[in-house]
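To keep things clear, I will list the structure first and then write my remarks on it.
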């Protein structure tokens, strides 16, 4: 692997006395790592809630549903993360989930598909609607915020029309075999030999693990992931480096739609039926998880672990407040404030670690 | 009389001491040059003076009394005008509003449009600039925009005018106009600070000089007349700088690798003919806005080619995009717009270089083996002498010159055979410039076909085998390079101003 | 026992019971092991009486605890979480208004599988099955039917009627629409349904705007408005009053704002439901089941908690009628129980 | 003037004006002229006041390149505060309205301060304050609908000049006009737009971007305060649902009106016209008894269509310009 550069040129280019430039801020102290902090925060809060309310560690009633929620919202967060990686937003994540679940519902109700065939159909539908958003953005160059907002409106109109047209109760209630089991079964039902998993871990979390592994693999190990991040850092530079940016935009949105569909499926399984309002609550958590976890809104940097931890943090807080019996009149106030504090400390941490980095050159 | 003094000024950035006890003295009625390599701290000094940055040490003295500026607003009120290195106009506003932005005239609490118009017209007239103050700045050409910025700096009734590389993106003609204004200001007893990497200009208009190296002043306000060009360069570089002597290189006779005939584009090019052979450096010269970069972009499929044909290796091709150019035709393009298009500032050096080769490295499922990637990156970092602490360092933390090397490295890594290099040394200091020239020369010697776009005539004369001159999106003609500055510059200028098209 | 098919089987269950047995309510022996949680779908004026009734249940039945928790915020997932949290804190008897009628059976099944007693209050699951121990709710279709009847009567038996309601993709809304249509069909064409306006219960301003637009474009043709959701009811009363059109408005629920409308004449009638009865009888029943004193003869039985037409004439006295109904409900259920 | 006329013909505003007129004429024909009756016109305009204001409240923050997800929460919280103060604490009307207005402006100020002090993205900050304020709103009013405030305020809310022009609509127009003057003709307004158009250049010209951000958010809060006052005056009462449907229209109006998410554009007229268009869709829904779903469908399609058109137009204009107009095409999302 040798470039057409001669020794002389190489030598001429290697000025011995040119100042070596250091990475910004030098080595960052461990406490400045967002993920580590989040982890500590999650553990500390869980411990605190556990002390205040020992019921917090009730496997069946608290930990099981908590993990199920964390799993689902992590997938929601990953759906947003995919578009954040290219510096876009997907304001329609919830509605994309609703749309793909509608297709899944049709496949169960009208075509009598099996559980996983229906899921597959839903994932494809999600990817397709996401790709559509990506395509419009890539073709017109209109900001993703606007396009997905408009798409959200559009789907908000379309989905109820379909539901009222096709169902009596505005929901697809046909449950393919396996759905009920998926909701309630934990790892205790998965045994290798006579070693079984924990009854506190729902089987549904496997979907999140798979999603995390796939997304993590894509972003850290593959060409596609790298190209998405490069596109997120600078579209122009990416285009001029031979990255097919339009296609990457479409891919990112398709991935987002597909993951939204998966999250929709997890929600449908854990609540029971497939209905038009699936995903209505997805928007806020979809941003919170990734952003708390360090993914940049501007694009170019993502963290899958961070998304899990960020999601865990918000879910644990809500659960803890629930258990402490905080009523609706205070719940949102606390949630919002805790969020602001968590985000501000993050900022303070960055500032501090930057300050430590000052040294002579 | 000393109008302004910056006395032992320090400025720290996280991880960098950008200014280290710098002293700068500006006399009334003189033009002062501020020189230094990239990253020496010139712009930082200017930003400290104008109150944009708070100094970490030292003092500023204006008219004999110590001053402290909390913001650019305060320095402007004190009569310090500045044209920053970065573009500085507000897109939605008119020329007049942009000029007077720092203190918009008001009457009865409302912005007074009439006053804006008349006052802006006054400053435009001072610069002999024929512009309507009501025109939106989005309609201006680069040079016009640059001059509007100067008008803006003058509009604060500045007695001290700081110009940070004002000529980097304007033509020699327009630069001349600027110099006339500078001369006028000087005669009025004002003081001008002039920053430029073009030493010819510096010697033409400056009286005194301060040279910075690594944030420290190595020459404090000395008279320029006592120095030669070489001495100045040596001061900047910090050791004796030898003039560049390129080894001989011959262009082998062969069929052109890249050939354009009768090409017209959607951006207005008409009937462009051009060819580059392997091992040849073809210079594409023209004034700013002649359409050279756009031609390159059209070649890469970023703009539509409406007529004529492009041949690569003898085959007529239609290039759809950069990816196509790279993969199927081995054409690379080093952009002129380094910060926005050339490097990914927020990504690691390693990714910046590897971006073009993932296609080649990837295995099943798009897996890119980290080891192979790292080895490849290390190879090019070494070959081009890119100064980095680790390949994981963000490209945005590198100096301009090193960024430019990164921007080039990715095309070398991609093993391109045709390389279009656009303004490779804009805003790059002398020493790095020489290194680049050697590099480009070498690449050609190794058989690459190079189309070199540059507005730097000496650079063109140093490197090119032939010079093709463009004006208004048309080829004006071609000159074979005899490497003699005087004859070449005459011929080229003549071609630029010739009527119609003549082949040389 | 089915509730939503539109036949009157649910109604007859109640009728049977009230006429079939004359035994008084079963007396709860020991409620001290029961911790009762009343969980509405989210914040809504309708549920406010539950809050006080929960306290009443606690003292009257000497329960170990009783709580009212509205943090579900109209999201089935959140409501499920709330339920689980409550269960973890030791609550073992749940009176639930399910956010999503199509999903709530899953929730009921989960809770029952864990050994808790569950009552579906104020709304029954969609479909033909009820997985809770019982359902004590307003028969929404019957209530809508009554409201429409009242409207038709106020209109003088003929003319065009408009139906304003909530979220279109909610099976309860579909039942309400069906109820109103049934009443209209019975007039044999004398009354026509001019429009059904759905999805205007999200907030008051949307409702107000929709009413104003409706009145502006079709006001002259409308003789009556029946509303089966809260915000549209408030908006319609106000909109008709200020437009001075001779339109009769029939509302739903007996929130202070609506009762004021009835007194002032802006609202012709309202269909009051029986939230207190639901919470009181529901709490009693859950305590009986939870203390293992009784079991349901037919698990999942549905009983109508009653709905009452309130007009200016009976606005001060309807509560007595409602209390009577509540007492009656206990008797109805007594017949459904098999106790030790 | 000529320059103005010729540029205006090509602007988004012109397009919107044409769409408005066509739409209106279409509706008049469809309603057999009923729409021209005083009552119909009054109703049409009555419900334009609040959408215009919330659109403007979003537009000012968009002008500095920020956004405000808390519009509904701020407005709703201010509205219920005023209602409860008047109905349950007997606070005189002017004082209660003033307090509500100040609360809402303060909420905007807090948003601005948080964005500036913490450097957290405005999207996230306003998301958090939205959550908090929704909580406060519920805490203040619970599930009640409060309407027991003086008749004078209610008659102000429903009074219409000549029976056609509702007072509250005029108030909204006055606010729009003031905002337009402020953005076009005052120094803080120009500075605000400069910060949005090119923050770096603005900073180098001695403009404090932080100040612009704070001013924009505070202004947004203040406009929402007016919107809340009009809401209290004109609705049958206030409850926790007030403000619940403000968010999407607040974005739809300025975006249809031609605002760029990247900042720097002041499109007061466009926002007002866009609010008209959205209102016409409502009217059409009532006229044709359409399912509400269709309205969302149409609004979605109109937003998408108008931005795509707008994009095509700016692209065409952008050829051969040096000082780049803020580019909506940048993939940078909103930051």
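The letters A, B, C and D name the chains in turn, as written, and every chain counts its residues from 1.
By our rule, a contact is a pair of C-beta atoms (placed from the backbone, for glycine too) under 8 Å apart; a residue touches a chain by one contact, two chains touch by 3 or more.
Source: prediction; values computed, not measured.
Between A-D and A-C, more C-beta contact pairs are found at A-D.
One simple way to say how far apart two chains are is to compare their mean CA positions; for subunit A and subunit D this gives 31 Å. For the pair subunit A and subunit B, the distance between mean C-alpha positions equals 42 Å. Averaging C-alpha coordinates per chain places the centre of subunit B 74 Å away from that of subunit C.
Contact with two or more other chains is made by residues 138, 142, 291, 293 of subunit D. Residue positions of subunit B with contacts to 2 or more other chains are absent.
Touching two or more other chains at once are residues 159-160, 328, 331 of subunit A. Chain pairs that touch one another: A-B, A-C, A-D, B-D, C-D. Residues 12-17, 39, 214-215, 238-239, 247, 300, 302, 321-323, 325-327, 333, 335, 337, 340-347, 351, 354-356, 358-359, 361-362, 365-368, 370, 375-376, 379-380, 382-385, 387-390, 392-394, 396-399, 402, 405, 410, 412-415, 431, 434-435, 438-439, 441-443, 445-448 of subunit B are the ones touching subunit A in the complex. Only residues 114, 118-121, 123-125, 127-136, 138-139, 142, 248, 251-252, 255, 261-262, 291, 293-301, 303-304, 307-308, 311-312, 315, 328-335 of subunit D touch subunit A when the two sit together in their complex. On the side of subunit C, the complex with subunit D involves touching residues 43-45, 47-48, 168, 194-195, 197-200, 202-206, 208-210, 212-219, 231, 234-235, 237-239, 242-243, 255-257. Across the interface of their complex, subunit B is touched by residues 3, 181, 184-187, 190, 193-194, 197-198, 200-208, 264-266, 318-319, 321-326 of subunit D. Here subunit C touches subunit A in the complex through residues 42-43, 67, 69-71, 73, 75-78, 80-82, 84-85, 87-90, 100-107, 110, 113-114, 126-127, 168-171, 173-174, 199, going by the rule given at the top.
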